[in-house]
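Two complexes, one shared chain (chain A), two partners (chain B, chain C).
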Partner chain A sequence: YLALIGNALIVFGPIVSIFNFYLCNIPQLVIVFVAAAFFYLLSTCLTSAFYFIPGIVNLPYLLVSIGVSIQEIFRFALFLAYLFTERGYERNLKVKLLYGKFAWLHASVAAGLGFATCHALLLNGNVLSQSYGPGTLYLPNCPTITYFTHHSITTLLFVLLNISWMIIGFQGYIKKSVLRIISLLVLHFAASLITVLNNKKDSCLYVLPTLASLVVIGAIISTVELIIICNKDE
Partner chain B sequence: MLYKHLQDTRSCVLLFSETEAFGCRGTIDTKDQGVLMIFNQATELENIRNKTCIYKDTFTLIASSDFLLSENGISTLRSISNDTTLADSIAGVLVYTNGTKPVHFSPAPTYPNKIYGLYPNSTIHWNPNGTNVLFDLFDFPIVFLNEDDSSTALSKVNSNLNCDSTQETVEFKFEMAGRDHKNASSCLSSGTCQPIGGQSVWSIMKARQEEVADEMVISSCKIDSSSFVRGDARGGSAYQSSVVVNLAVAEAISKQTQKKHFKRDLMFTFFDAETWGYSGSQNFLYDLKNFTCVVKSTEDEDICERPYKTSLAFVKNIDYKKIKYVVEVDQIGTQGDVNNIYVHYDNSLVDVNRTSEIISALGSGVIKSDAKEIPPSSLQSFHSYLPKGSFGSVLVADYDTKFKNKYYFDVNDDINNIDVDEICRVSSKLSNAIYTLVSGDTTMNLSANCTFVEIIVGCVLNSSSCEYIPNDSNVEPNHYSGVFSWDATTRRTSSIINNVMGSLTLFGEQPKDVVSCSTKLDCPSNQTCVGGTCVKSTTYFHDAISPAFYFDNDEYKWKIRNLSEFATITSQRPSIYAESNWVSVGVRSFSKNYGYYEGTVTFFGVVLTVLSGFVIAVVRTILSRINDYRSSSSFIK
Partner chain C sequence: MSNQEEERLLNGGDSQINSDLQDNAIKEEDSDSEAVETINYDPTLDSDNDESEEGITTRYSENIISLLKPVSIAMIIVIWAVHTLSPILNSSGVPVSSAVMVYTESESDSGWLKLGGALLNALIVVAMVCVITVILVLLFVYNCYKIIYGWLITSSAVLLFTMGWLWLEFTLRAYSLTIDYFSYFFLLYNFTILGVVSIFWQAPTIFTQAYLIVVSCMTGWWLTRLPEWTTWAILAAVAIYDVIAVLTPKGPLKLLVETAEKRKVPIPGLIYESKKFKLGLGDFVFYSVLVGRASMFDSVTMFACFVCILTGLCLTLFCLGIFKKALPALPISIALGLIFYFVTRFGVTPYITNNSIQQINV
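Take a look at the complex of A and B:
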């Protein structure tokens, strides 16, 4: 069972840490987290409907692009839902939903974590359960680490990416910044499409580093957003 | 694929005799998986142990059937089993087939059932190729692979030899409930095993309906076999050839029953579980001499509730004192250069005149065996239960002083090991002999129906479906009797015989309404179930379980009688054999990491979790210094 524990910690350890040390004391953020997870689930359900189209599974690039597009639509829908809720809250209760300069940042982190958690559960839940037991599996696309570890690392990278994408997305939608929205789309498409190459031999030698690079890029952009917020008057 | 479950595996199981356990003891949790290592010589074992890359000290050995099922292989297996340290390192043994057939091999003893027969001190080796490995005890499972899995397993062995990053491992789920017991008595009392037994079949063609004739002729044979792997009991020459002959004789004579007035009753007996100390014949003869129904069924007078018997026809139709001629058919038509028919009898036991009558009826072309004793056979039960010199008896076989069969109780004793034409020839000869004995007519020249012979050979030795079994499916022929059950449908061989003989021994007016049935219990009182339909027939099942066992209805378990009870009844020692209950049987192979890999991944996961917590705490601190980040109360005014 060590493999199960190790791989689960790789994926869910950071999620639990962020939730525990960042979100769980703030009920509003917990609600945003849950709502975001639900929105992600809806986007996945809608994407899965496209699998019924005959032959589409043989066009992975098209399928991934459809999935990414739907996720982005739901990200925007989530933003609108949050905006609507925030304004309704202020209008009716005469108080703000969240206070402080970083209110939108906290909301976007919570939403990003919600997306990431649901993504991790759907992507990795089944794989993790199979890692329980004495057997392991090595695939040609990554012969040096097990399939389960490879999957966990990929999921972890997507967890971090989802958080940074949500930060970029929310800032882009608030400020109506085309540049930010395009960056988000480019990052998201790049990260998702590169995973299509996972069926090639030794592909993890370039897929994982590419994803890690995108995580770094996303982190840099998020940090820049944070700095911009810091410098902005409340 | 993560786990590959090896399909169609055949494995040896755990059995018990009166004094010991034998077979394969199965797995325990701490030793049920091992790194796959090939061994085709005894010297390779030490090399395997010395491999420094193998961290776990349990192995799964894989060997070819060529090597393992040879004297050298058996000897190596025994030496592993006797070396406790080495045996503790073995999770199990896989045996792969490379398609070649040994020149000869037999897992049975050189004298099967010797201690349960008339000659416990005999020095004859009827089965010279016998290795007795059937009765060895191994502390690990031994599993035979099919051809596909054989090549898969061999490919996985190579990575282990090279000490690659993963260990190719095989796990056995082979739980024998009786593992901790040492003999049949102990495991029966714990309820973790069941007595071995089956269902014999007997049929009677009466000289006169509703009367028992003054004398009876019996044509007998054994119907079960065994093998190192119980599911591989093909039983070609031993003993399906004798079943075919006996059925062919019955078929030939049945056509004459209406035309000629017999002077003697004729009974055909097909004894099951004879491999296990002549359980079938012993039970039959014990019941003929001693049975008393304590509690009859109120619903069907033909059934006894205590002790439980599904039919009491043997009480009404058979008087053991009137058994005057017994002809047993043994192995017939075994492939070989020469086809001879030998007759075996023991002058010191038989009624010499009647025995001469039998031999005379057999006519020319039979050779008297040089052996002074009768071979291991049901005849030994007849001679031990019935008064000495009270009947004539002959065993007919294709061997003289040692079996012609090179694969006695081996998987290679299959349809290719018999000569069907020879079986038909002997069937014709025996048909005439039996007919002469029952009718006194020496002029009739009966021929066996060779087409019928071929059909029956196909039924008992081919994996295709049999027309004598309703809704039959393709099954690999297996004639191991298994654990005892009152339900005769669990014994395919017995069911085939019952359906054939049942159709040959119909009598009187058959019921107008067709009643479907699975067993006799589904039929009205005076009817039996033949081919799925209730009919009036003189064919019946009889329990083939050692008379040493009895079922305790109060405690609802099998028990062993006090064997001293038998001293006054028979000179034969009753056998005690039981089979352990299985909890599960399965084999799967998978790749396994060395222990350090999983520890490393877990360590990495823990570090990541702690690190992310630390980073979040740092970020929170920075944000709170930059702005007014505080506890949740600050967000709500």
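Take a look at the complex of A and C:
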């Protein structure tokens, strides 16, 4: 039980905290959260179609690149869906979905959390359920921590990354900022492609720290965005 | 337009199937039908000039969340029941047969036979639901309230008692807990009576809502015991029936709702009320069945169906606000759930499994 609970808390602790203490206070964000989870599911379904192309399993870099590209397309599609909904509300009901100068920030955090939660549920759900029971599993690439804990930590880092990517993405799309979009793509490709090295010997010595660095970079960029929004005149 | 509360109705056709334990065989009896899923929305709040614009959006979103929460809770409870209680029931060796199914699935049957048999079973179930709904409508039109409520109360009491018995016994077995017979039946008796009182008479709202969720969970859990192909066929068939029953001019549910509107009386049936919306228990049941059945395969399919159902429900509620007329609650959610169940089962799960083995994150 303890391993299962511990690994579940690693992955879902931040998600539940952000959801409970932040999203729940603004009901519209919960709906954005659900929609974002659905868009992530769509992107995963489409990516999985490429998995069945003969031989592509032996080209993990290509498969990961395709997956990242599709996910970014759906991130943009989610942004468009949110924009369309917001404009529909303003045009027809003469109300806004969210108010205040942090409206887009709130929406991007909620959307990022939706992406992150669906990512965590799909990728980590099965692994977590396998962690219950007697015995555990260690892999040569990371012999100091169990496979389940390693997987949970990686998923946690991707949860945090997804939130910052969505903040950067939404700001980039709103402002049509090429720099932001490129930085988003670079961060996402870097994070996903580095995980391909996970099956190499002693990979957790460089994969996990790299991912953690990318989380810090994403957090710094997101903080900069927040500062820009704070300083923006209404 | 009357000054009274305008009802925007979200209807769905449902059947609630009670089960009785007889000897060593479990037979499913169709004893009553759910009426409708209704969503009531109070427009006077919209026309209130003192209400801020932000308040309108927040309030409508809160109303949507007030339905997403109980649906999520019901689905989680059924998932728990499927993984905790079903193994114990299966190991007890009690055979499952149904009084309404003509085809019993067997592992050795071909795919086409299973498909044909499942469709036949689904057709029978939908026909049964249709007949029961028509009977309910006729009783309502001719003001036979005593028969309607007597029927609903009896079936609810039987459901709470028998299923409560099963749930309590299997939960005790699952967690190796013990209880004496006197306390067991004392709890069960009070659970049943409190449930009937909460649903049909007076009780704090939280009790009424909790019991409605429990009733839907028990029914949903029971329906997950149907054979796999039959379950999927029934879900699809009931969703299609829902559209016909609600949107066609002479659909039984449309007639029921219109009659209730004309008479300005509540629609008879088990309906979950939350803030400004009401949702019939049939929706809870079939959502739970879909997710419960998906969870039997894999956690990936389970989470995918969970997300799809919540998304479908959100879309339905948005459509309700746009079209401003009665809409069926099942089709969008069930359609998304079914599509994504099969896509994740045959497509996403192998991909995710490969990524998990390779420790790749995208």
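Keep in mind that, in the parts below, the second predicted complex is superposed on the first by the 234 of 234 C-alpha atoms of A that agree within 3 Å, B and C clash if a C-alpha of one lies under 4 Å from a C-alpha of the other, contacts with A are read in each partner's own complex, and residues count from 1 in each chain.
In the analysis below, contacts are C-beta pairs under 8 Å (C-beta built on N, C-alpha and C of every residue); 3 or more make two chains touch, one makes a residue touch a chain.
Since the model is a prediction, treat every value here as computed from it, not as a measurement.
Residue contacts after overlaying the shared chain place A:35 against chain C, while chain B stays out of touching range. In the superposed model, A:27 lies in contact with both chain B and chain C.
By the document's definition of touching, of the two partners only chain B reaches A:13; chain C does not. In the superposition on chain A, A:191 makes contact with chain C only, not with chain B.
By the touch criterion stated above, A:99 is placed in contact with chain B and with chain C alike. Of the two partner chains, chain C is the only one touched by A:44; chain B is not. Comparing chain B with chain C, the partner in contact with more residues of chain A is C.
Once both structures are placed on chain A, chain A residues 26-28, 95-96, 98-99 are touched by chain B and, in the other complex, by chain C. Interface of chain C with chain A (complex): residues 53-54, 56-58, 61-62, 64-65, 68, 298-300, 302-304, 307-308, 310-311, 314, 340, 343-344, 347-348, 350-356, 358-362. Looking at the complex, you find that chain B touches chain A at residues 1-3, 33, 165-166, 169, 171, 590-593, 597-606, 608-609, 612-613, 616-617, 619-620, 623, 626-629, 631-632, 634-637. Looking at the complex, you find that chain A touches chain B at residues 2-3, 5-10, 13-14, 16-18, 20-22, 25-28, 95-96, 98-102, 130, 133-138, 144, 146, 149, 156, 230. The part of chain A that touches chain C in the complex is made up of residues 26-28, 30-31, 34-35, 37-38, 41, 44-45, 47-49, 51-52, 57, 60, 64, 67-68, 71, 89, 93-99, 118-119, 121-123, 125-129, 139, 141, 147, 150-151, 154-155, 158, 191-192, 195-196, 198-199.
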